[in-house]
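Shared between the two complexes below is chain A, which pairs with chain B and chain C, respectively.
Coming up: the complex of A and B.
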C-alpha cells in the first residue's frame, strides 16, 4: 500500500472527471488515497472527492488560489507535500496539471513522468507506462533518486469510477505561506464554446482539409452537439484556416485519447495518427479507400462525409432519444 | 536586451520510429532531425523582440548530443546572433536538460527574456520551461499565444482548456513557452544560411554547467512499438445504410455510445 496524494482539479465550481479517474485507480488498488484541493470557497466541492475514493481530503482555502495560478498553486502544493511526505503524487495531464506539476517536482527535487496512460501499484511503488513520440513508441518510466515520485496521467486513460455518495472522508484544513508572488493573473477570457476541450472530451469529431471551408465544420458541430463531443481538426485544416490552432489534433497539436474518435475527411498523416491512435474506438470517413486513416480505424466508411455525417447526426439523435 | 531561446532537436514528425535491438532506445538510422516545431515559434518570437529593440543580442541554447548543433545553426540562420551548445548524452531527462540550460544561463552576464517552445515533440513532457523557471527563480509562463511587451514587463495571453485563455502579467526576467498561433516562423534565407556558418557556437560540457548523473530523475526503459491495430470493419451500402449500421455497431458492439 502506498501513500498517494492526488491533486484535484476544478474549474467553475466543478471537479474534473480526470481527477475522479486518478482517485478511482488509487483507491481500487487499496492505497491510502489523499486528495489535495486548492481554491476559495471549496468546502462542499472537497467532500465530493470522497465519493470517488479519497480517504483523506486536504483543503487549502486561500483567496490567492481563487483562480488557478501556476506560481501560487505550485508553491502551495509543494508546501503541503513537503509536510506530508507521500510516496506518490498524481495529477492529470491537463493544461493545468502539466503546467504546475513540473514546478512542484523541481521544488522537491524529484522525478516526474508526464502523460502516463497506464499505472500499476506494487507496495509503496508505482509502475507507469507512457507513450512518447506522440504514441509511436511506449516506454516504462523508471524513477531514480529518493523522495516522492510524481506522474501526470492522460485524461480518459483510466476510466471514471462509479461514485458512492454514501462515502465520507476526513477533511484536513491546510494553511500555506505563499509570500510575494511574481506573477499576476489579470483575467480569464472564457471561450465562446460550451464544448469540452479536445484533450478531455469523451468523444472527438475531427475534420480535415476535405471539409473545404470553416463554415462546413458546422456539420461536424451539429454531430458534436448530439454526442457532447469536442470538434478537432487536422493540421491541414488548421493551416488552411478552417479551425483555430487549439483544435489541432496530432503530434504538433494535441494528443487525445477519447472513447470515440471520428475522423472526417482526414487522410491520416503519420503525425495526425500519432495524436489520436490511443483513442478507444476510431471511426474514419473518407472518399479514398486507400488512405492510411483506414488502417488506424476500427470502423471505416468509404464515402462522402457531406452525405454521411448529417445522416449520422440523425441516427445518433434517435439512439440518444431512447 | 539580452534574449535567449532554448531549443531541442527532435525526429521530424513524418519520421517512422524504429527501435534499437535491445529495446533501450530508438534506432537512430534514417531519422531526419529537426528543430522541434514549437521551438521554431520561440525562435521567431525572440527574433521579433530583438528586431524591435535595437542593440539586443539573441543567443540560442541547446543541450543535447553533438547533432544538436545543426538545429542551433538553423536558429542562427533564422537570425540569432550566437549559440551555446551544452553537450549531453542521448535520452537524458527533462530535469537534466533544465539544469544544464539554467547552468549555462547563470554563466551569462544577465538575461531579460528567455523563450522556449511549449513542449518538445519527442517525449512531449512539457516540463523544461517550468523547471528552468524554478532553477533560475524567475516566472515561467507556458502556452503563450500572444505577448504584449511593456516597460520591463510582459502581459501574456496563455491558452487554458476549452477555448478559454488566461491573461497573466510578470516583470522581467521571465521565461515564455510559445504555442502555435503566437506567430508564423520565418524561413532562413540563403544569404543568412551562409552568414550563420560563421557565427560562433560556444561549446560547453555537462561539468561546465554543474550537471551530474544525480540530476537524472527519471529514465525511459522497455521501449515498445504499440501493438498493431486489428483490421477494422469497412461499412458498405448507400450513405443512409452506412450511417445506420455504424451507429448500431458503436451502440451494440463497441458500446461506446
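Coming up: the complex of A and C.
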C-alpha cells in the first residue's frame, strides 16, 4: 500500500473526469489516496473527490490560485508535498498537468514519467507504461532512488470509476506561502468555438462531400454535441466550401488520433486516411460498400448518412439520459 | 569610291561595332553564371537536330499558321540577307554587284530576292493580323514586337521601292526577274524622269540599309535576340526526351550553397535560354498552372529571369556576384515557383528548346535546403519520407499488405525472378491503388511471369522530395533503394507508377542503379504483342485515356497504354481535346500531390471536364496520382455514378482469363 497524492484538476467549478480516473485507479489498488485541490472557493468541489475514492482531501484555498498559473501551482504543490512526503504523486497528462508537475518534480529533485497509459502498484512502488516513438513502442518504467515519484497519466487511459455519493473523506485545510509571484493571470479569454479542436477531441466526427452543403453539417454537429466531439471534414468538403480549412483532416490538413473517429460520407482517399488512421476506433458510414474507408474502419455502416447519423444521435442521447 | 563609301563605312562600322559590343556583354554575362552545364556530347546528333529544327523549322511548324509564317520570314530573310550584302558591297565599292555569277544565275537570284521579299511581307501581314486583330492570349502586349514588325515591314517595302525605281531607272532588264517590283514599277514608273527614278532607287537602297544597321544595333537588347541565340540553343539542347534532374554532390565540401538563390547561380545555358525566347507564348498556352489562373506562366518566368539578369548587369560584369539581387522578387515569387506541376508541357511546346522546369527546381532546391521555405503542408511529407520511407505516414512493415492472399513472394524469399515488381507507396498504402497492384499481379501470374517484390525493404523512390527541392532526402532514399536492389542483383524492374518509373529509369543511374525498367503499360503491351496475354472477354464501353505526364512527356510513352485498351474486345477508345504530348496534367506532379491548391481553378477539375466532354463511361489512366486526381474531379463534378476511373491494368485483368 502506497501513500498517493493526486493533484485534482478543475475548471469553471467542475472537476475534470481525468482526475476521477486517477482517484479510481489508486483507490481500486487499495492505496492511501490523498487528493490535493487548489483554488479559491473550492470547498464544495473538494467534497466530490471523495465519491471517486479519495480518503483524505487536502484543500489549498488561496486567491492567487483562483486562475491556474504554472508558477503559483508548482510552488503550492511543492510545499504541500514536501510536508506530506507521499510515495507517489499523480496528475493528468493534460495541458495543465504537463505544465506544472515537471516543475514540481524539478523543485523536489525527483523523477517523473509523462504521458503514462497504464499504472501498476506494488507496495509503495509503482511501475508505469508509456508509449514512445509516436506510439510505435511501449516502455515500462520503474523509478530508482528515494523521494516521491511522479507520473502524468493520459486522459481516457484508465476509465472513470462509478461515483459513490455516500462516501466522505477528511478535509484538510493547507496553507501555503506563495511569496511574490512573477506572473499573474488577469483574464481567461476563451476561443470562439464551443466545440473542441479536431486535434484535441477524444471523438471526431468528419463529413465528406456527400453532405452536399454546409447546412447539412448540422446533423454531424448534433451528434457531436451529444458525444462532446469535434467536427472534421475531408479535403473535398473543405474545397467545396462546406467547412473552414482548420477543420480539414488529412495529409494536407490536421492529423488526428482520437479514441473514436466517425467518418460520414468519406470515401477514404489516402490523403484522408493519412490524417486519421491512427485513431483508436474508426467507424465509417458510406453508401458504397466498395469504398476504401471500409478497409481502414473497425466498424462499417453501409447506408445513407442522412438516415444513419440522426439515428445515432437519437440512440446516444438515450444512453446519456440513463 | 564615292561619297557613299565615305558616308556608309563609318555608319556601318559604328553600328556593327556597337552591336558586337552588346553581344560581347551578353556573352560575358552568360559566362559569369556559376552553374555547370556540359552539352557537347553526341555532336552528330546535335548537328542533325540543328538542321531539322533551324533550317527545317520542324519545331516551329508544330503550330501550323504561325509556323508557316515564321518559316517564310526565316527563309525570306536568309535570301534577302544575300541581297543586303550585295547592297553593302555595291555601296562601298561603286558598281560591284553579284552579276559576276552570270546573267542567267543572277536573274534567278533576283527572282528569289523578289519572291523572298514578298514572302516576308506576307509573313509580316499575317503576324500583324494575328497580333492586332486575333490577339491570342499567348502573345500578350509587346513593344518589342511592334518595333520589329514595323522595321521588318518597312524593310520589305524599301526593297520593293528600291527595285521598282531601279527598273524604272537604270536597270530596266531587272523587270524580267523581279515580278513584284516590275508590277509596282509599272505603277510608279511614270512618276518621275529617269534620273529621278535612279536617285529614288538609291534613296530607298539607303533606307533599306539604314534599317538593317538599325536592326543590328537593336537586336542584342530586344526579344529578337533569338535570331542569334535560338540556333545555338537548339544545337545545345538536351538531346534525349528522358532527362533526369542534375544531382548535387553533397560530398563536395567546398559547395557553400545548394540550388539557385540568384540568377547567376543557374548555368550559362539558362541565360542562353532567356536570350533565345521570342515570347511566342506556346509554353503558356499549354501550362496547366496558367490555364487555371495560377500566377505561373512559363513565358513570364523566362522573361522575368531575363530582366533580373539584365537588372544585375553592372554587378555581374564587375564580378560582384555576391551583390546580385535575389531571384525571388515580386515577379518570380514563391507562389510562381510552387505552382509548377512539372508536367513539362512548356518544354515540349517551346520551338527553341528552352528548359523551364530545371530552373524552377533549382530555385526550389534553394528555398527548401537553404532557407526552409516551402508550403507548410510539405513538412509532414518530408518527415514521413525520412522516418517511414513514404510520403504518407504508414508503417513500412505494412508495405506488402496489399498482396495478402495473392502468394506474392518477396525478394528475400525468392530473388531468382524475371522481374522485380516495384510497388511504390501508392500501390502499398492507397486502398484504391492497392486494387490496381492486385490486378497487375494477377496479370503477371496469368502471363506466367515470375516476379517478386521488395516488401518492407522497398522505400519511396524519393521522387516527391526531389521535385519539391529536397535533394538530400531524395539521395538518401535513392541510395538506400539502389543498395537494396543491387544486393539482390536486380536486372529488370516493372512498376505501375510513372513517377517511380521515371526516377528508377532516368535518375538512379547517376547513383549506381542501372536496371532495365518497364512501366506496366509497356510490360502489358509487350505481353499482348508476344501473345502471352489475350483479352477474350469483351468490355462494351467507351474509354478515354488520360496521359500521365511522367509517362508521356517525360518518357515518350503514348502508344503502349492505348494498345492495352484497344486490345480489349468491344472497347472503344476516344481521345479528349488535349491528348498525347498536348495533354493536360492532372495537377499532382512536381510534389503538388502533397500541396494544397489554393489559387484559381483546380487543375484536376479542368482535366475532368475534358474527360467528361468525351461522354466516355470509363476514364482510364496508368498512374496512381492521376487516378486519385481524376477520381476527385469526377466526385466534384458529381458524376461518380456514371463515370468510373480505372487503371489499364484493371481493364486488362477484367478481360483476360
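As a convention for this text, the second predicted complex is superposed on the first by the 211 of 322 C-alpha atoms of A that agree within 3 Å, B and C clash if a C-alpha of one lies under 4 Å from a C-alpha of the other, contacts with A are read in each partner's own complex, and residues count from 1 in each chain.
As a working rule, a residue touches a chain if its C-beta (ideal position, glycine included) is under 8 Å from a C-beta of that chain, and two chains touch if they have at least 3 such contacts.
Keep in mind the model is a prediction, meaning the values are calculated, not measured.
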Partner chain in contact with A:164 - chain B first, chain C second, else both or neither: neither
Partner chain(s) touched by A:196 [first = chain B, second = chain C, both, neither]: first
Chain B versus chain C as contact partner of A:239, first or second or both or neither: second
Which superposed partner A:209 touches (first chain B, second chain C, both, neither): second
Which superposed partner A:255 touches (first chain B, second chain C, both, neither): both
Partner chain(s) touched by A:113 [first = chain B, second = chain C, both, neither]: first
Touched partner set for A:270, first chain B, second chain C, both or neither: both
Dominant toucher of chain A (residue count), chain B or chain C: B
Touched partner set for A:292, first chain B, second chain C, both or neither: second
Partner chain(s) touched by A:183 [first = chain B, second = chain C, both, neither]: first
Set intersection of chain A contacts, chain C complex versus chain B complex: 136, 245, 251-253, 255, 269-271, 274, 277, 295-296
Sites on chain C touched by chain A in the complex: 377, 380-381, 392-395, 426, 429-433, 594-596, 602, 628, 631-632, 635-636
Chain A residues touching chain C - in the complex, by the definition given at the top: 136, 209, 236, 239-240, 245, 251-253, 255, 267-271, 273-274, 277-278, 292-293, 295-296
Chain A to chain B touching residues, read off their complex: 11, 67-71, 94-96, 98-100, 102-103, 105-107, 109-115, 131-145, 182-193, 195-197, 199-200, 203, 227, 238, 244-246, 248, 250-253, 255, 259-260, 269-271, 274, 277, 280-284, 289, 294-304, 307-308, 311-312, 314-316, 318-319
Chain B residues touching chain A - in the complex, by the definition given at the top: 11, 13-17, 19, 26, 37-38, 93-95, 98, 121-128, 130-131, 133-135, 138-143, 145, 155, 157, 159-171, 179-181, 214, 216-226, 229-230, 232-236, 239-240, 242-244, 246-247, 249-251, 254, 256-257
